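Encoded as structure tokens, here's the structure I'll be asking about.
Should a chain be cited, it is by its letter among A, B, C and D, assigned in written order, with residues numbered from 1 in that chain.
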């Protein structure tokens, strides 16, 4: 009998080891170590809600607010990296239909756990960003769509919202500016697909998380066929800093194309896995050595998954020579994505890694479009029989053609999230597959460790 | 009208029309499974790929509306390869059931496999195993393995019949179609899902294993179940046996759908329900002889000006042509004045839609046509009670009964049978065996069933509808017009004196 | 006639008063009634333990939806259980970083120890197991969640200690 | 003309004797068995036909003994003489969906062309090896399943080479 809604007695952030590391540049996570920063008074003492006051009390008109965000050239932190300012600008100005702002906190990309830090430690920063965003697109109502498994984070955000209501930052006529706004926490129920923009909208409409056909785009016809903007938690958390310090200050940080800082959630074979906020453009080599404490056990880096499981893989040389921003990673054939970095050392068997990912995508495919529903299942079956039963050479060609015929052939990009990595593994690590073909690989499927060198 | 460029050629199509429909009307076939003109757009099956010049990513055509300047290419090699691979994805988990599947011959996968596929599958792994032959009530059998999850039936139950009994459960390639816990479906339009299902996942129990579709020929007709007048196609095998009815698109009357009560109406046309030979008191005789014996009795009455002793019973199921030929021959030529029929006015007055889609309360299929023709020909019609009284007073010596093939007319025939005096010479003209058994002592002449007729009937919206069948199931069963014309020819021929039997 | 008209509300399950009151509150938060389906199902699962057929029937009536639409949602999301779960539902994260941390081994030992598969409950009704995909705690891999409470950086010893505390009835705080 | 030819032309009995000599020679050779006689003592001994001989059809059986035919009507469609009549029905065995309740071939119309054997996807109907069939009226030439599949001449050797893997059904709505 699962009874979980009421039994949290001492609500406190669970994820705690956030000591700042050299090389980090903490804009959002500046006060994350302050005890009880998740409560309103402590957050206000650290300068919280100044941006909201600045926007609402001066009744800043919506055009300049959107221009400010566009000026900062901040890009979406959820995975697509779409400039947030433009997204806000697409919302039609003069429709009588209600507008909605949805915060995408359904963080289920394997390797990504950065949103959790904001949700548990800095919920008010996100709430402040959401109110400013709602003001910019005239949204009367906004929803925080948190993944169902984050029960702790849901409690914390729920209480933060109640505090915001009591403090007058939410509800009717906020800070006397005439702008009234409702905010609701909506719990997901365990589906990776609801992280996709239109999948989240379908889930919020009480349906299966099936992505919607685009066109029409959500900015024109999203939640309940009304204009909707879906932003990631981290993107919304950047907004208060931008309003407080101005767009130029934000644009100066990081590289011209990928401005500001990015929170990286590092896991895998590093000595200190965790969440770090670094300036965009920092070379990966420094990030690995200084911030993450180098490879665990002094091992050699074999491969890097930079931006979560849907990012194509990078060889060690590519990783060492790239800098952490959208353009450099893209030039190496991968993508920054959600910043869920998984570091793989030389003891890992990459075919097993790919098989595990294929299992994930087969389980999480929503089953709406045929290429993805059948393709993910097929890729996983091929990889399963390639590793467990008999490896065949034509499997490689089959993997290649199947993936090529899944990319760009579906309503959402889940099919691409497995097809592109498969192509990158085949192209960049053919040796791994050759081991299987010669039958010389004896890896344990338990944890993908290659047994022979311990 | 929008100017559209498809495959390099310019076309004029109504603006806003769906690209798949527009292309189909122009003879360009864009493969599609989940798109159905009567349902919402799903965009799931990813078969309707088209390439737009200047956009490397292939677009799906079913989500495109025709607008001015739209330019698409449907037969470039890139599109062909993409569609071939979409079909491959459909087929990798599809069971090889063609020998035992009723849909073989009209299955979407087979059609496009022949058009676009034509290769050997590269799938070596095990296919997904799902439930087969699930019983969804007494009308439908569901096979979850064959289902390609296009979602047409689910959208149909949600948008058209509004019972939302079907759903797609689970996720990914474990998704299955079905009702909750495979309960029985109570929807009165569920057999429509069998028609729109592109594969053999949903098959109708009534047609299960009956016949292979490539043996069947189809003929356009109209359902005689009720006054809605849904346009249908009658599927028959070389005119010998009718196997099923399928709805035909008609925007004003029934769009793409048809109710389940109209489906089994073809059964009354098949052998076991039909009067196949003329009978006189139980003895079979050729139809022309039956007509002559009828004429002999009629002739004596006409010759001795006792035409008021002759009565005729008609019903609104007759087509307008049949009624006109009855009136022309019996009334104008023979001078019979007493005509009785079902109360068409009453059934027209309290006719209303039974459910919110198609089914009507009035079970006669040509009520409006009957009223129009009888008023045009100024035919004086008596009611059933008046006929019973006159029969009771033995004023009628000669009764001509036109029996309908449906149950709805049997009630009044029974009352006539009860009121019939012994010496009255009755002639029954009906396709139905049960009516002939009812009047076993009298002369019974087999007429053709509704699905062999060629006349016009009018539905409750006063829309003229043509019955276009071109086959006759039994040589001995003539159409009403043929019977009456041979009757009048018999009348003209100089007759040697025959004493009245 | 829609499937709902001929069904009276006589499903065996019914919301308790405070659950009914919470249900009303949830309805006020959304512009369309159907949008509140997911939270209502969470509420129903807390109230009745798992989404049995009766629960699906009941939710479909109070939400004015057809049972098929509700069953679609219940069978789509992993957190709604169609079968009763044990008092402590152990959900192991099987994806990338946790898999590299060795959760498959922990999962196999756990299943072997209690002899159960996903969807089954141990005879004493205390434990049930589930394979979940990435639970968003990869930094502290390997990890699992018991009754949706996270237990991170698991080692076989910590797992055994957790099992003992769950068996006694009050799971230790992470 | 030589004398012998002249004598022959006049008298007829020389021709007769010559003819008798020829027939006598064949008679002696056959009787004494010096020459191998083509005729055989049918039905005790039978002539050996090639494997490709197209005789009366055979309905093959599955290893489990059921009829392999799934009543898919491809043979009936492909038959030029239209002499195969099949009525399909629901199979009593739950694992098989469709089986022929009635499978009749009208031997009077069949031309033994083997098109049905080619059309059959599951090797359910074959052209047999036996050719003896005699009946009094043409109605009995319509042979049914019991003759086609279980006649003694087959000696139970008609097993289909096509084996469909046995399918097990299990509920598929997600267990947990």
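Keep this in mind: contacts are C-beta pairs under 8 Å (C-beta built on N, C-alpha and C of every residue); 3 or more make two chains touch, one makes a residue touch a chain.
In this text, all values refer to a predicted model and were calculated from it rather than measured experimentally.
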Chain by chain, through touching neighbours only, how many steps does the shortest route from subunit A to subunit D take?
2
With contacts counted as C-beta pairs, which pair of chains has the highest total?
A-C
Gap in Å, rounded to a whole number, between the CA centres of subunit C and subunit A
24
Separation of subunit B from subunit C, taking each centre as the mean of its C-alpha atoms, in whole Å
50
Intercentroid distance (Cα basis), subunit D paired with subunit C, Å
66
Take the average of all CA coordinates in subunit B, do the same for subunit D, and state the distance between these two points in whole angstrom.
45
Junction residues of subunit D - those touching two or more other chains
173-174
Where subunit B touches two or more other chains at once, the residues are 168-171, 174, 181
Return the residues of subunit A touching two or more other chains; collapse runs of consecutive numbers into ranges.
191, 208, 363-364, 366
Sort out for me which residues of subunit A touch subunit C in the complex.
1-5, 10, 14-15, 98, 107-113, 115-116, 141, 147-152, 182, 184, 186-192, 203-209, 224, 265-269, 273-275, 305, 309, 340, 342, 344, 348, 353, 356-357, 359-360, 363-364, 366, 445-448
Note: in the complex, subunit A contacts subunit B through residues 191, 208, 213, 215, 362-371, 373-378, 381-382, 384-385, 394, 398, 401, 405, 408-411
Tell me, which parts of subunit C touch subunit B in their complex?
1-3, 6, 53, 56, 65-69, 71-72, 75-76
Spell out the residues on subunit B that touch subunit D in their complex, using ranges where they run on.
97-100, 104, 129-133, 144, 169-171, 174, 176, 178, 181, 208-210, 212, 214-215
Seen from subunit C, its contact residues with subunit A in the complex are 29-32, 34-39, 41-42, 45-46, 49-50, 69, 72-73, 76-81, 85, 87, 89, 94-97, 99-102, 104-105, 108, 132-141, 145, 147-150, 152, 173-174
